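Read from first to last, the chains carry the letters A, B, C and D; within each, the first residue is number 1.
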Amino acid sequence: TKTPSPALSPATAARARVVHCTVKTDSRHRELTPPIPDAMSSKGSMVLAYSGGLDTSCILVWLKEQGYDVTAYLANIGQKEDFEEARKKALKLGAKKVFIEDVSREFVEEFIWAAIQSSALYEDCYLLGTSLTRPCIARKKVETVQREGAKYVSHSPTGKGNDQVQFELICYSLAPQMKRMPEFYNWFKGRSDLMEYAKQHGIPILVTPKNLWSMDKNLMHISYEAGILENPKNKVPPGLYTKIQDPAKAPNTPDILKIQFKKGVPVKVTSVKDGTTHQTSLELFMYLNEVAGKHGVGFLPSWRTSSPDKGPRYLPDPSSPECEFVRPCIAKSQEPAEGKVQVPVLKGQVYILDWESPLSLSNEELMSMNVQGDYELIDDTGFININSLRLKEYHCLQSKVTAR
Amino acid sequence: TKTPSPALSPATAARARVVHCTVKTDSRHRELTPPIPDAMSSKGSMVLAYSGGLDTSCILVWLKEQGYDVTAYLANIGQKEDFEEARKKALKLGAKKVFIEDVSREFVEEFIWAAIQSSALYEDCYLLGTSLTRPCIARKKVETVQREGAKYVSHSPTGKGNDQVQFELICYSLAPQMKRMPEFYNWFKGRSDLMEYAKQHGIPILVTPKNLWSMDKNLMHISYEAGILENPKNKVPPGLYTKIQDPAKAPNTPDILKIQFKKGVPVKVTSVKDGTTHQTSLELFMYLNEVAGKHGVGFLPSWRTSSPDKGPRYLPDPSSPECEFVRPCIAKSQEPAEGKVQVPVLKGQVYILDWESPLSLSNEELMSMNVQGDYELIDDTGFININSLRLKEYHCLQSKVTAR
Amino acid sequence: TKTPSPALSPATAARARVVHCTVKTDSRHRELTPPIPDAMSSKGSMVLAYSGGLDTSCILVWLKEQGYDVTAYLANIGQKEDFEEARKKALKLGAKKVFIEDVSREFVEEFIWAAIQSSALYEDCYLLGTSLTRPCIARKKVETVQREGAKYVSHSPTGKGNDQVQFELICYSLAPQMKRMPEFYNWFKGRSDLMEYAKQHGIPILVTPKNLWSMDKNLMHISYEAGILENPKNKVPPGLYTKIQDPAKAPNTPDILKIQFKKGVPVKVTSVKDGTTHQTSLELFMYLNEVAGKHGVGFLPSWRTSSPDKGPRYLPDPSSPECEFVRPCIAKSQEPAEGKVQVPVLKGQVYILDWESPLSLSNEELMSMNVQGDYELIDDTGFININSLRLKEYHCLQSKVTAR
Amino acid sequence: TKTPSPALSPATAARARVVHCTVKTDSRHRELTPPIPDAMSSKGSMVLAYSGGLDTSCILVWLKEQGYDVTAYLANIGQKEDFEEARKKALKLGAKKVFIEDVSREFVEEFIWAAIQSSALYEDCYLLGTSLTRPCIARKKVETVQREGAKYVSHSPTGKGNDQVQFELICYSLAPQMKRMPEFYNWFKGRSDLMEYAKQHGIPILVTPKNLWSMDKNLMHISYEAGILENPKNKVPPGLYTKIQDPAKAPNTPDILKIQFKKGVPVKVTSVKDGTTHQTSLELFMYLNEVAGKHGVGFLPSWRTSSPDKGPRYLPDPSSPECEFVRPCIAKSQEPAEGKVQVPVLKGQVYILDWESPLSLSNEELMSMNVQGDYELIDDTGFININSLRLKEYHCLQSKVTAR
């Protein structure tokens, strides 16, 4: 049984540099059924994955122009935007309906906890902060499409990342009859195209300085990539991090947290300093992230992932058969992963001060049981002799080969 | 190709709590050939793994009493003892010969580098600082036995650890005719036995306070275990660490190191601050460890390993066939792992500031090559369609099963 | 989902040559609690694994002589002995009780079916016909010990095989307080010792010719080993096989069987020739074995396993944590493994004539679905381009390395 | 060390049913450099993978019509065609050059032997008889393109198989600048299109009955697929097999072969009956296949592979980095795989009569060495005790969990 490493869960930021382009230039659309020409003005209803930003605002207007009834869908996964503003904007731009759903709790309970229970790391180092959101959001979009009886679903990936792959694989799993409509690719040729279109159609453009990199934010992490981050010879720019304190400037005294685990996930966190307690998954996870961020915990450089030597970085699909097969094992393995651990959080690190687990295989009772005779010193004679048999014979064989 | 993580190599300490007993109570002897009764006083020569401490000093005297010619063997693997003092003591206690060999360089070049090249971690977390010394020392002892024509080789493990297993498996690989002589077990029943014996035989006893834990030191790491560390409910005692600064008290400004790699191992380290340069493996490794220790880098709690749920913690034998089979692969995989990385070391952490590798798969030239057409946006349509086929059909099948 | 290969299940014999000694020379005893000196004559009751043969008959008498109340336990696992005769003999030799239990059905349902569902093969070739019986029998013995309140349990392995390892690991799992009583080892020094003892104590000795090899029989298989089979240069002796026809002499016309599967195991077998039907697991399995044997199906040479290059041949323990973890996955994976297959059995082989599975991923409906557009010829362009990216870049990198 | 299973190598046929279409409808072309408009009539030279059949004959003529100089390339990999006839036909249809290369020997020595050394099986059952030819032929085509300075290379896959994937991945590895020319897809819409085109252009059409299935032939195997074989409910048609005798009609007396191995591959085969000997790889392999075929050895039903549940059946690329990494290990593992084996071949089966290997870990000398004390009966006490520790503690833990 693998006790989950508490050091991993409070990770708040990862400065990834992945080979993605920053300007979103295409909008992908998925057709649920062959589009039936409409006698009326509408070509049918389309669920649009909408963020409130320039890209999806333009796409919203353009889709309306093309004759679709647009339903804007926006998932709140902890990215801290002004959701009400986004709703108003969507309606003003012509959306028939707007759905803004808070999926934070299920993101923590169904996806982050599962990743912690299985110690899931991509290439042994990347915490999957972006990838875990994909199936959580995608299935919500598909549910919306089905609930609203929509004919189309649209999203606007960067085109070079794995977001469209993950989104679409889940769509096709849940709604196998869906197909791509390739005629929608590359409608907008780039940022200037978008700006021009926005001006012509009265879509508000925030005057922002040119981004030097792009970010992916949610309640679990922020990842930074693209722009000047693409070249590993560039130093990490000061001021890059927004969710996490620079460890060098972090407080000189630790926060000490008592964390209680059940079935491999934290169920209660208590601050030793002020007695604050959190017991529900979402609040507890956000509190851990807050304390960790304050002390500079969670920097995770992942330049290694910029190399394409293991094939394009597409992650295993959570709705795949292989994933369904391993799930019952992971659940079983985490049953005894319970107990308490006390961790000081200080200067970018999380230490373990002490811990106990009633179901641990190493508690005192078992140890003293061992001492009283379960294990005899002499036992290693037989153990070593039997294990050395093959080594002796292998090396005798090697001598023969060498002797030739 | 996996670029070795520079953060791992400077690790200087690990506070392991492993279920070992602290008092060494038995001395194991290995017989090379059936002991031939000697007409003369000597039963033959024996190579004794000697440390200069109480246990092996008593064993040296006792073996002499039993009629053996004792050759004391002591490997310098960076544990920083007074080797000359140890030599004098061994001769004074009656050793016929004393061999003190410095194996530091080969420990770094053949064992530590190999571990870094293969990212070898025990149970994904333990740096193997003790285990890597075993084959390095054991083969030296066997060489000494063979060179000196000795009949016996003796070591004095704690009995509950894996040291005797690792030592003996290597002995039997290299000298398959060796056998255990079980009559030597448990000669001394414990520390008080040893003290009594030492007093009677004039063996110097250092008046030391009772150890609260035991340590294993070498140039790679110090591990702490046993005593009060056995119970995870005990807090880590202040003053435990001797090789590494407490991160909270570490300097507020970083040392920045430029590290150059070839074939997956560091070949040159330069301090940005003072221009100091190290280019040979041993000096370079020790310098990295010194800088890391000063900044509190290298704490590695490993309580998890105290649980025996994967069987007794015996490590794979480096002289096993399976190990010989994977070695050529690792060498091949590390050929392109070369380049430069710049790392600030600060407050217990090692960051990556920038890096470059002429053989990296992600350099600018390749990126721009990609941009110019190797990868078309439209490519993901086919990629997704083909990859989704099995998911669609699997979920169709699941629907059938559910429908029953 | 892996459809179980019907060719594996009817296997009736395996001519293994494993490095075991043929003469059973030791009897192992397990002590449940520290033996309490008995005021009366008895040292307490002991469950003896009894076969009716010379070895265990002598041990039974000897144990009685030593002052134990002996309960003979004999499991019927399809080895076709005269169980009533064995019972009478045990009672006559002084057993207090005799338990003869038919465990055939649970051997098929819990062990053979599980092996088929998981396609379990030792080293990819050995059908595990002996090893699968061990946990089935061992847990019954432990149940008997506990039900009868016995103090001891005894078995008499060959000493060089894995039988004592498997038996004892299961004992200790189920009754962790048990310990070995080493004083019972090697009581009888060999076959002549046994014969002498038997003569003195009036134990019947069958006058049998010296065995040229030894056999392990049960309802699943017979394995042959030891004696002249130890040397692979010896040809397989004519007349070795008793359960299976020589394929060269097998009938010239096939039996054709219709086998129906559910959850990865056969649930109904019908003979096309005479319409015979079997629907319960034990009868069905024995019928398959009978037909297979008649046609010479099931020869499985396993000389390879005589080489000790993977360590002594101890098999994973079915009561281990790792085994418990994978079990739910295997169950899940076998849910859709259902359908019908028609197999001719002829001249040592089982062919597949035709098959169908309602839950297969390859039925006609799905195929025609594919034809109608799920898969476009053009799709492979993107699939190939994306998959070739890393190959192109790897080979560019290789060119650089070569160019140096 | 895994001794290669001699039973696998003589396999001569596999009756696969894979979901492929039988009519080749598209011709893929690869452009080496951007096509430079030619002042003269020719658009440049193109290497065409040519078989002599209807498809590639039509494509040859059509390419010539389009203005290309066509070089026909035909690899002889043991498929037993009339190569001279094919050459004449190509020249008559307008090929500028025709290359017919015999790659049989390198197919055996570099690909089949490598597969045997590594016991390579696709999904544990399929012998890879088709896939192994792909890299062998593809690299020859690329060599031809480079030697002849051709601008284009063309092949005509079925479109639904993995042939184009394997061919192109190897092309791009060896010549990364190549690109697809999508305008050539689907030129011929189907067989009637081809027939019509052939008639108009005087391309000879053999009047053949409609094929009920398709075949892939080479010196290693014939695989059958498509047509009536697609539906597993159809019985295997009588007369399907051409390279292998029906086991029921095979001779009643065996051929006995003595096979000598070195480094994991056969180096000499002797017939016991008539003393015939073969010592070179190609002749030896073909002789083994001939004897095996005569006795009905090599039927390999692979219906299982018709299910797409592991993703489309694309095989690992032999020019991939992972393949390069494992190669040195396999070579090392096969060094001691040498010796002699005597096998009767009879009624669809290959038995092992006897064998010997000077480098085996199980020869008599080693066995007797064991007997003389390397392994003590008592050794298993320690071995079992140490291995049972974790089981005992795990089951104690389970009791606690259950007790709640």
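As a convention for this text, a contact is a pair of C-beta atoms (placed from the backbone, for glycine too) under 8 Å apart; a residue touches a chain by one contact, two chains touch by 3 or more.
On a predicted model such as this, the values are computed, not experimentally measured, just so you know.
> Any chains in contact with both chain C and chain D?
A, B
> For chain C, which other chain has the most distant CA centre?
Computed centres place A farthest from chain C.
> Just how far, in Å, is the C-alpha centre of chain B from the one of chain A?
The mean C-alpha positions of chain A and chain B differ by 35 Å.
> Nearest whole angstrom, what separates the Cα centre of chain B from the Cα centre of chain C?
Averaging C-alpha atoms per chain gives centres 41 Å apart.
> Using Cα averages as centroids, what's the distance between chain A and chain C in whole Å?
For chain A versus chain C, the centre distance works out to 46 Å.
> Using the touch rule from the top of the page, what residues of chain B touch 2 or more other chains?
1, 308-309, 321, 361, 370, 375, 378, 380-381, 383, 385-387, 389-390, 392-394, 396
> Within their complex, state which residues of chain C touch chain A.
Counting only chain C, the residues touching chain A are 1, 179, 308-312, 321, 324-326, 328-329, 332-333, 373, 386-387, 389-390, 393-394.
> So in the complex, which bits of chain C are touching chain B?
Of all residues in chain C, those touching chain B are 309, 321, 335-336, 358-359, 361, 366, 370, 374-376, 378-383, 385-387, 389-390, 392-394, 396-397, 400-401.
> Show me the residue ranges of chain C that touch chain D in the complex, using the header's touch definition.
Per the stated touch rule, the residues are 1-3, 19, 25-26, 119, 124-125, 159-160, 164-165, 168-169, 172-174, 176, 180, 182, 185-186, 230-236, 247-248, 250, 252-254, 299, 301, 303-304, 306-309, 314, 317, 319-321, 346-349, 351-356, 360-362, 364, 367, 370, 375, 377-378, 380-381, 383-385, 387-388, 390-392, 394-396.
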